[in-house]
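The two complexes that follow have subunit A in common; it is paired with subunit B in the first and with subunit C in the second.
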Partner chain A sequence: MSTTATLPGGPGRQSGQDILNLVLTVGLLPVLMAIVIIGTSLMSPYFLGWMNVVNILRMASFLAIIACGQAMVIIAGGFDLSVGAVVALASVVTAKAMAAAASAIGGPDILAIVIGIAAGLGSGLAVGLFNGLCVARLKVSGFVVTLGTMSATAGIGLLLTNGIPVYGMPKGFVQAIGRSQILGFPLAIYIALAVVLAMAFVQRRTLFGRYVYAIGGNQEAAVVSGVSIRRHLVGTYVLSGGLAATVGILLTALVGSGQASLGGDAMMLQSIAAAVIGGVSLRGGIGRVEVVAVAALFLTILGNALNLLHIDSRLQPIFLGLIMVLAVALDEFSRRRMSRV
Partner chain B sequence: MEPAATSTTPRNETAEPLLVLSGVTKRFPGVLALDDVDLDVKAGELHVLFGENGAGKSTLINVISGTFPPTSGSFRFGGEEMAELTPHKARAIGISPVFQEFSLVPSLTVEENLFLGRERSAAGILDAGGMRRRARELIAELGFDLDPKARVDKLDRAHQQMAEIAKALLGKVRLLILDEPTASLTERETGRLFELIARLKSQGVGIIYVSHRMREIRALADRVTVLRDGRHIKTLDAATVTDSELVELMTGRKIDVLFPAITHRPGEVAIAVEKLATADGQVADVDFFARAGEITGVAGLVGCGKSELVRAIYGIEPIASGSVTLRGETVTALDPRSSLRRGVAYFPANRGVEGLALSRPIRENVSMAALDLGRYQRRGIIRRTAERSLIGPIMETLKLRPPNIERAVGNLSGGNRQKVMLGRAMARDLDIFLFDEPSVGIDVGAKVEVYEFIKRLVEAGAAVVVVSSELPEVLALSNRLYVMHHGRIAALLEGEAMTEQNVLSSFFEEEAREKAA
Partner chain C sequence: MSDADLAAPAKPAAIDARGSRILQGTGWARQLALPIALVLLLAGFGLADDRVLTTYNLLNIAQQTSYLALFAMAQMVVILTRGFDLSLGPTVSMVSVAAALAMAGIGGADANGIVAVLAAIAAGFALAAACGLFNGVVVSILGVSPLVATLGSMNIAIGVATTISDGRPVQGVPAAFADLFYRGSILGLPIAIVIAILVGGVLAFVLSRTVFGRSLYIIGTNPQAAAVAGIPVKRLLVYAYVLCSALAALGALMMTARTGSGEPNLGGTLSLQSIAAAVVGGTSLAGGRGGVGSAALGALFITILSNGMNLTRIDGYVQMIVLGAIVILGVVLDRLRLDGR
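The block that comes next holds the complex of A and B.
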């Protein structure tokens, strides 16, 4: 009965306990990130090179923007599987609309660019709105609805392009948005920072953010408290669709053509992974976007490190999978430790 | 203490009580939940555990049923030292707990739940017929109105409670642990349960019984053990102890009156309901009104439609026909949002399911229903300092202990959770309050605070409706009392006519009338 009072074990066991406690208090993420960064920089001279760092930050920005939307949906108790397909759709729609506008108007590029971006964003918002309305009105689970729209959206993207990249966008678009740099960093990074900061503000300080927490925490209680459930559920899906479309537009500007192969399942899975590793509870009601953004950065660094270390690309998904399971297990473990108190 | 002296003296094996705990301590990180507690339960004895929420009763019965081991101390059952006890082993040796939080799988049927983990099978094939027969037998023996084929999530709380008790009694039971078993049972079902308890006692089953209800303790207990702050305060003979003595031991202070004296000053009609029927048929053709400055009670058995009535007024339960008039204004489309704006608050009976977001802090739960007000936000942006400085004092006046409003609600006791609900009503200006079972699952100390809260509301001129299955509660609080039966108003009692006798007889008259019709 009194065995727990005197735990057997020498100093080795003690330091194991210390590491566990550190991980539990600081969180798994910073610890893993430090390990990966230090380890890779020792093994590969390219890792901390300026080009590589910028590249990592740019890719992490795309993932972070999508993961922020995904996180909001999951916190409200839903799921958005369509984000990858929305990236592709937005890319294609942006490119088509911009090319068409450019040739039709022939006037200043800026007008065509604005029309293209608006069309791309609009397509993402529309998919999000459809997702949200199905979930909120028809009471179909978010998983199923977005599984359906994922398939449909990807199909529309292919239908519009026949799988051929869409060219004909004004040069200014690619130069201004895809390739321009401010203080040496690409524009995408600033946009991602702005999105994360804005979402962090939304979560902490706005009614929308608070109600999303409340709905995910206990939907029935939110109903009794007079919170309009439908509006906020729709809001999370629209937000997620809009952010995914933003990434679609940024990627289009980067590669210089509209492609139905951008985004895709890999990006969708990574956005969920980033949300979960970033501490978003799949039960809803818990999670902060800034941690999710750090998780997105971590996933990108990890992928980059595995590439630089010449690890077989077929092995990489295995690492990602294991780390995700570990993150969720640790989250569950620390929750149980807390709730015992 | 005396057990230390007696245990050293040689004694007959059969004389050792069924369960003997001595010096049991349970330490969780940062909390000493049990501090050197002694407890013994004899075969055939009903031993009541009495204490406020957080006194350590739950921890103690969890230790006894093997959920977790004690940090130190000795635990003997049936003359043997229990080490490494698991819930499974505990059930196998005849320790059967009935917890307040149900241990039922919602998506399975009653009978599947009864046999969960101990299914009868031959060569891996379930003996469905045999299990069904045994389940029917057991339910009939218990006298419960329970369908073994019903899915648990389709049952209301009372029936889930019955399934839980049936589950505990399925196997061979030597020690039965009942944690507030009557909290959601009707009078009749409670009577059935008491008969059952008497029968089990005569068969030599030891029973640990947790309850806050004095009447039950009076009716059932052989001995009472009082716990406070994780410590064993005293074990007393139930026949000689008085109610006030028990409450004093439990709280460490004197509570003279449970129900405060309330001055009712009936004013304007605040709620008027005419020929109301809900879409689910639970309420039919109800006329009802409640005035400002008084408490209007609604009594009735579980499932009589009294909850549905107030839920319909608040706008959660869809209405089929009839009208609801709030302060003279007939409201056509009722929903919680507009009800709050009209100054109506609803306190759900099931705080875990409908009341609180458990993963979120107290502050967010309290402000949840009031965030649309200008003092909490401006154009959708929450004013956090304002929020904190408004919610903090509210929880202070409600005596939240400890007074930290950033703690997650999931870590709070029942009494504190109810305070969070009360706080929610204080976070905006409301004057019509609908309480659905306001004292379910909270201890005497917290009950007194809830009643005081209601008293302050009424005396400040608010209209209060109290729906309760606890007759003494509605009788003591109400100025006028409606009695509901099968979705209809069976009687309206006022003044001198408000007696337990009249309430019960109006049930039976209504019953007889229905039979005749």
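The block that comes next holds the complex of A and C.
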């Protein structure tokens, strides 16, 4: 940073430099988030209302859980386009299995609930395993493989339901998981917190987490150091599929039916956006899940704020697109500056 | 038609030697795999349903292929440089809506619609060029990864397309426009096929016989080497993205003429379909490999597949699964081809 001090420039330029330096050191995310929160709370009385805050946190939890998995895959140098479709598939499979088990067994609800959740999670893990095996064993680009599984998974979800919502789940499931509250907050928020904390621990303190960084940072070096690339690559995709399935199950419990229209492309794109805005480098090897979770919160707040300010929903994608490009461009810019100094 | 032919014909001896090595390494069986698969596919569908192999349906397939081929060629140009364009589909929607709005705005002011058609062409290409310029500048000068850059512009283009059209189809496309881009025919061939063949021929010439085209292959094969060799990498990358968007705009005008109105959802899944067509045809996402022939073959393959599945009344959801499987199979084959060298 010593070069900036010697630069000649007027006061206006200096303050511009200051703002730039602030953004570069603190990061774009907290600055933007503060602007959005302060600006919206001044303009809309509903924004800081209890209902709205809980709603924002709930929606941010879903996005944060998916984005954590996406972040792990991207840090290892891959990509998972199938997460949105996995949400839909897990929702459908959970509802179908739970309804079937409830009518077949008849006994206590808890058994049917466990069977349904296991089936839903299993479907997500299976898609993740397929993605991971294709990427690691056949050495095919993650982007294209998950592009393929995205189409196939969405097709399977629609085929299973014919596009019609699946009902017949035990009431206990919806009440216990979808609508229950602890200390006034929905269960989904606690699950998201637990996932983010667990993932942060995994990233920092476990071999798997460290190896994922090593693989994404420099695959050749990781191989030479004796890291089993294949196993850990498969692991990241399985993790991503499992987390996406978790969100599918939580959403199913929230809406009370299994729907093939849950998740979808929008959720997949938002999870990538959250990871990227949260500082995960698409070149791999860099990124922290807790920052990604904050980015997911930011994206949810932004969408909520745009709605409350009555900004046309058709204009909203433009904001998302611009912020994403801006965040990554700034990241790239600060990295170049650092490497120059 | 093969990739190796297109990668080979550069004049310098060093590149010639590399080209001949590729030819020896790949072998004819692998080069002919896709054409043979095409014939088998067509024969199989022909046996399953006797409407498949009629002149009417074959002409129909050719016409549908020409749209997808244009988009696959557009995508191929940027994939050659290790990029891709996720904003292609929304660009198509945006151009369609803008062109229709331009024509509707001029309306009945001129008798035979020439001014309206020219205005539509100008508006469409201007918007597409702006989008391509944005992509190119963000990718090459700001150094943002193509995925994030075009994901951003994808959102922006969706926002623009739905905002200027109010989310509704735009009516008022004059007959002259439909005559020029859809209804006309030359030597008995529908105009769409003629345009696709002409554009494909010019693009093949540009890619294989001009400095610009050869430079794109070198940038994709080894960007550092290209920069060291004095190729203006950044400028050519911007050109590649603008060319991609311009080709997409041409396809968008043709599709608008076919539907007879500006559709804000016209692009839909085209981004992914065009990537799938290019990749299945043998364009490598690692950059530097591919050509007009591979893009056209990939487009033909996907069109025949979906046409045949439609005529044999295969469920639309199953078609999604098959398309996903084909995309994965395409990249796996591509990987095997690379390993074969």
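The criterion applied here is as follows: the second predicted complex is superposed on the first by the 331 of 341 C-alpha atoms of A that agree within 3 Å, B and C clash if a C-alpha of one lies under 4 Å from a C-alpha of the other, contacts with A are read in each partner's own complex, and residues count from 1 in each chain.
Note that a residue touches a chain if its C-beta (ideal position, glycine included) is under 8 Å from a C-beta of that chain, and two chains touch if they have at least 3 such contacts.
Everything numeric here is computed off the predicted structure, so don't read it as measured data.
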Side-by-side fit of subunit B and subunit C on subunit A, or clash: clash
Partner chain(s) touched by A:Val174 [first = subunit B, second = subunit C, both, neither]: neither
First (subunit B), second (subunit C), both or neither touched by A:Ile75: neither
More subunit A residues in contact - subunit B or subunit C: C
Subunit B versus subunit C as contact partner of A:Lys139, first or second or both or neither: second
First, second, both or neither for A:Ile286, with subunit B first and subunit C second: first
Which superposed partner A:Ala244 touches (first subunit B, second subunit C, both, neither): neither
First, second, both or neither for A:Ala329, with subunit B first and subunit C second: second
Partner chain(s) touched by A:Thr149 [first = subunit B, second = subunit C, both, neither]: second
Touching partner for A:Val234 - first (subunit B), second (subunit C), both, neither: neither
First (subunit B), second (subunit C), both or neither touched by A:Val196: neither
Shared contact residues on subunit A - subunit B and subunit C: 283
In the complex, subunit A residues that touch subunit B: 1-2, 4-5, 204-208, 210-211, 213-214, 216-218, 220-228, 281, 283, 285-286, 337, 339-341
Interface residues, subunit A side, partner subunit C - complex: 79, 134, 138-141, 143-145, 147-156, 158-159, 162, 269, 272-273, 276, 282-283, 312, 314-318, 320-322, 324-325, 328-329, 332-333, 336
Footprint of subunit A on subunit C - complex, ascending: 138, 142-145, 147-149, 151-156, 158-160, 162-163, 167, 272, 275-276, 279, 285-286, 315, 317-321, 323-328, 330-332, 334-335
Residue ranges of subunit B touching subunit A (in the complex, touch as defined): 28-31, 69-75, 83, 314, 316, 335-341, 346, 348, 353-360, 364-365, 368-369, 371-372, 377, 380-382, 384, 410-411, 424
